[in-house]
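What follows is one structure encoded as structure tokens, with my remarks underneath.
The chains carry the letters A, B and C, assigned in the order they are written, with residues numbered from 1 in each.
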Amino acid sequence: MNPIHPLASLDPRAPLLSVEGLEVNFRTAEGTVKAVRGIDFELKPGEVLGIVGESGSGKSVTAMATMGLLPRSARVKGSVRFRGEELLHRREKQLMPFRGKAISMIFQDPMTSLNPVYSVGWQIVEAIQAHQDVSKEEALKIAIELLRKVGIPNPEDRVANYPHEFSGGMRQRVVIAIAIANDPEVILADEPTTALDVTVQAQVLEALRAALVSTHAALLLITHDLGVIAGIADRVLVMYAGRPVEIGTVDEIFYNPSMPYTLGLLGSLPRVDTDGTERLRPIPGSPPSMIGESKGCPFAPRCPLAADICREIEPELTQVSAATGHLAACHFAKEAHDRGASLFAATSADIGTTAGVQHGGPPESGLAYGQGPDELRAPGPGNYVLAEGFSLAGPGGYETAAEEEDGTADTGSSDGKETTP
Amino acid sequence: MLSYLLRRLFASVIILILSSILVFTMVAFSGDPLASLRLNPKTPPSVYALRRAELHLNNPLPQRYWIWVTHAIRGDFGLTIGNQPVAPQLWSHLLVTFQMVIIATVIAIFVAIAVGVFSAIRQGRPFDSGAAFTNYLFISVPVFVLGLILKEFVAIPVNNAIGHTVIYTIGQQSSNLSGGFFERLPNYAGHTILPVLTLILVSYPSWAIYQRSSMLEALDSDYVRLARAKGLSPRRVLIRHTLRNALIPITTVIALDFAGVLGGAILVEEVFSWQGIGFWFLQGILVLDFNVVQAYLLVTAFFVVSFNFIADVLYGVLDPRIRYG
Amino acid sequence: MEYSIHEFAMAERRKILADTRSSKTGAAGENPKRRSRFSRLPRAGAETRHLGDEHGLSGEVKKQWQIVFGRFIRQPRAMVSLGIFALLGISSALAGVFWHYSYTDLTNQIATFGQGSPSLQHPFGVDPIGHDVFAQVMQGTKEDVQTALLVACISTLIGTTIGALAGYFRSWVDTVLMRFTDFILAVPLLAVLAVLGNLAAKQSGSWFWVAIIIGVLSWTYVARLVRADFLSLREREFVEAARAIGASNRRIIVRHLLPNALGPIIVNATLTVANAIILESTLSFLGLGIQPPDVSLGSLVAAGEGDATTFWWLFVFPASFIVLMILCVNFIGDGLREAFDPRRTRVRV
């Protein structure tokens, strides 16, 4: 690569970002966690691809793998190419030209993303000077403009403030400013609004839109919030248990979902346009453990359409609509699509006699599944340990250990440890 | 920042005052000041009465305290049992102790930070395991045991191996020393090496563990990840981001631990017969020399409170959240 | 080799430091209301890394104990240390009854030039006066163990109470209690103990009084710990819920908050035991703790100090027992910490 302009020598005709057969395993004390089990997608210039999934689906890991930011215990296979250049298995130094310039990233928790001991301006200037040959004064001017772009009022004054002097939403906007400082071609946003109040989410999304307009970058937006996706994405990739289970344009996904999991996700959203008397329809059960081998479709235990073939063979992504590039991984994609929203209706009505939904019983394959008597409630604190060595992730993050988790003990970045020295 | 410091200063002063009260009360009740007189059954009552008056024992406790404290502030700590002024002894002994403590603490800090940081960077690898092992070991050994081991089982073999006495185990210097500073230096060094080594070995492990933990947390943090994601060089990430944050907490820990270091110094002085302030204090306890004991406790409390204050200042300097919080 | 317990202690310490910092300076972090609201929302992909204890709902405490116990059992190093420590404790208690020498007996052998070293009759040798060192070491161990355990009980009790009150009621209660703690800490522990220990030592049954004094002065760390925990715990929803149904303050503290804070308390108690052993042996080494004819391992070391090279057994055995006990206690504490809050590989998915 050309050392002076390392990115200049890349092929402009190659796809912007192309991920092929990406697999990520983590070696832990409890076994090998298969976080990502094979994902392919391409990102075209200027497009917004949304990756949707629950905790444990592998979406964050995918983004981290792209940037080479996985922990040391990670084993990555496959290929991630930026304009033809392979990014995987590079050393830190070799990734430097790409990070922050070709691809930049926005992380989930704005409270801890920024270094607390440097001013916001300093951190933006640092990002600028890492890739542009400008003086400090010039960089500072650029920084102020960036802050203005993302909607921070009084940027001239605020540029000297420290992160703790900003609210969560504003900190996230600062992070966005850093991300666009060098006009990246790809922005990876890993759950940028999850940790924020709903009202603040809108502001951050606004800043994100402004960022896209300003840089014409492509955006890979990872989230579990379908509402966010609906507003900003061009295409959607639904992930479950480490694999994509449905891909398509945002219209296709929302209007013609063809995989039960997608249906479940859409169906479980509270809707403003109904009269409010309908019950919410959650998907019963919890995501499977990612440890060990599995057989068949990972969604089978929770799927109303599950049949024997589903438990034997894991469905491949097959075309639903050639014209729009809509793919779904389901043996019964057509039926799922036709059944539509009523697919999960049964589970919300009658718990005891639901057809197709399993109750109790020993785990069959390597997958454990949880069935409690209260399927109407979202999986609450506490998990169900059904077999030695397997546990399920409850809300609050994924644990690889086969331990019982007692509640969503999230005194993490708050509560006295808000200072992260 | 200024208001923060002023508040801390004010609190420190209050604490010091309260501690002095505690010290005085404690010592006043810890024994009988007239005990030495009572040893001789023939002591006439008039002598008792005289002594009682001298020691203000007839006055109520608060008044005695006041007398003591007002003198102490001016540097007058009264007289020892042997009727010598306490203050000069206090300062000369303090000087001796400080030689040892300061050298040991400075070296221990460097060692602790180095070990901690490297253990974190090489987590799980041989260096980390080895360092962990030695840390655990040194934490589990009391100061006096360690000192004795060094004194008995290290000094002598080393001296024998070298042929003449290089490592001394008694006192700060040999008594018949002469010559200029540089000629005496090897002798000083030979006397200082074991006490300092003992103090270093007992102080650094817990700091190293803390530093490792702090470093691991920084390495794992979101802001370091963001720094990497910005495309900064690994070196810059390490120094400007990881270390910059990882080194903050240890400053307070060390400053707060200073009391422990002083305590360790007492033991080291005892084992190696250094005429330091700890040694002086111990003698004072054994012979019930109250003025000595009180003086020591007050001076130590002063240093501890001062170091706590310094810790607060440092923390404010290093962590903007405190400064502008 | 893991650092578990000390890392834990240091992390708690940091939490305390950060906490006392913010309480001293009034630096507001995030709005506590906001914190509690987020503590339950599914944070998909959120990383829950912290070295604190596991906070479960009070109703699940029973189940939690079984889990913790199970985890502890599965740690070889901790179990071995527990075994050794128990062995030391039991044998030292029984030695007084079953060993054919008592620690005050003067046997017909003494340690002089060329003799007195460990033999079949005297496994640890004899001292220059004729005491059987094994009996002495056993007695010393017994004194140390009982002292340390008593200290741990006292200081944990006091510290927990003070910390709980300060953390729960906050406001002026907190300020007063914490200032009180501060100034207790201002004077070095050893120095204070030296002074008071001398006083205690003059009493008969001196180990008891020494233990009381050490215990009464060692509670500050536990107090800070419990306070920090309570401060954060009291923001949790289950406390609000308990208050909403009219539970009294006392009930909330005892039935809800304490069980959740129990993890660090117990782990810290083991640290206290280790510390107490160090302190007690140091005091008696200096001649300020247990007085003759009582023996403690520290006083034995002091007695053997001068002859350490010639009559090595006088120094080596007592010293080794001290170190062994402390190591064991540290490992046990390690195991406990791991049992309460296992070190997991946290993977953000």
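Please note the rule applied: contacts are C-beta pairs under 8 Å (C-beta built on N, C-alpha and C of every residue); 3 or more make two chains touch, one makes a residue touch a chain.
These numbers were taken from a predicted model, which means no experiment stands behind them.
Chain nearest the geometric middle of the protein is C, using mean C-alpha positions.
The chain with its C-alpha centre at the largest distance from the centre of subunit B is A.
In this assembly, the C-alpha centroid of subunit B lies 22 Å from the C-alpha centroid of subunit C. A separation of 52 Å divides the Cα centre of subunit A from that of subunit B. The mean-CA centres of subunit A and subunit C are about 45 angstrom from one another, to the nearest whole unit.
Under the contact definition stated at the top, the residues of subunit C that touch 2 or more other chains are 14, 21-22, 49. Chain contacts: subunit B has residues 214, 249, 321, 325 touching two or more partner chains.
Taken residue by residue, subunit A touches two or more other chains at 109, 419, 421, whereas all remaining positions touch fewer. Subunit A meets subunit B in the complex at residues 67, 69, 92-93, 95-101, 104-105, 107, 109, 112-117, 119, 126-127, 130-131, 162, 164-165, 175, 178, 419-421.
The touching residues of subunit B, counted against subunit A in their complex, run 214, 217-218, 221-223, 225-234, 240-241, 244-246, 248-249, 318-321, 324-325. Residues of subunit B that touch subunit C in their complex: 4, 7-8, 11, 14-16, 18-19, 22-23, 26-27, 29-31, 129, 132-133, 135-137, 139-145, 148-149, 152-153, 156, 206, 209-210, 212-214, 220, 249, 252-253, 259-260, 262-263, 266-267, 270, 281-282, 285-286, 293, 296-297, 300-301, 304-305, 308, 312, 315, 321-322, 325.
The residues of subunit C lying in touch with subunit B in their complex are 1-3, 6-7, 10-11, 13-14, 17, 21-22, 24-28, 49, 51, 179, 182-192, 194-196, 198-199, 274, 278, 281-282, 285-288, 298, 301, 305, 308-309, 315, 319, 322-323, 326-327, 330.
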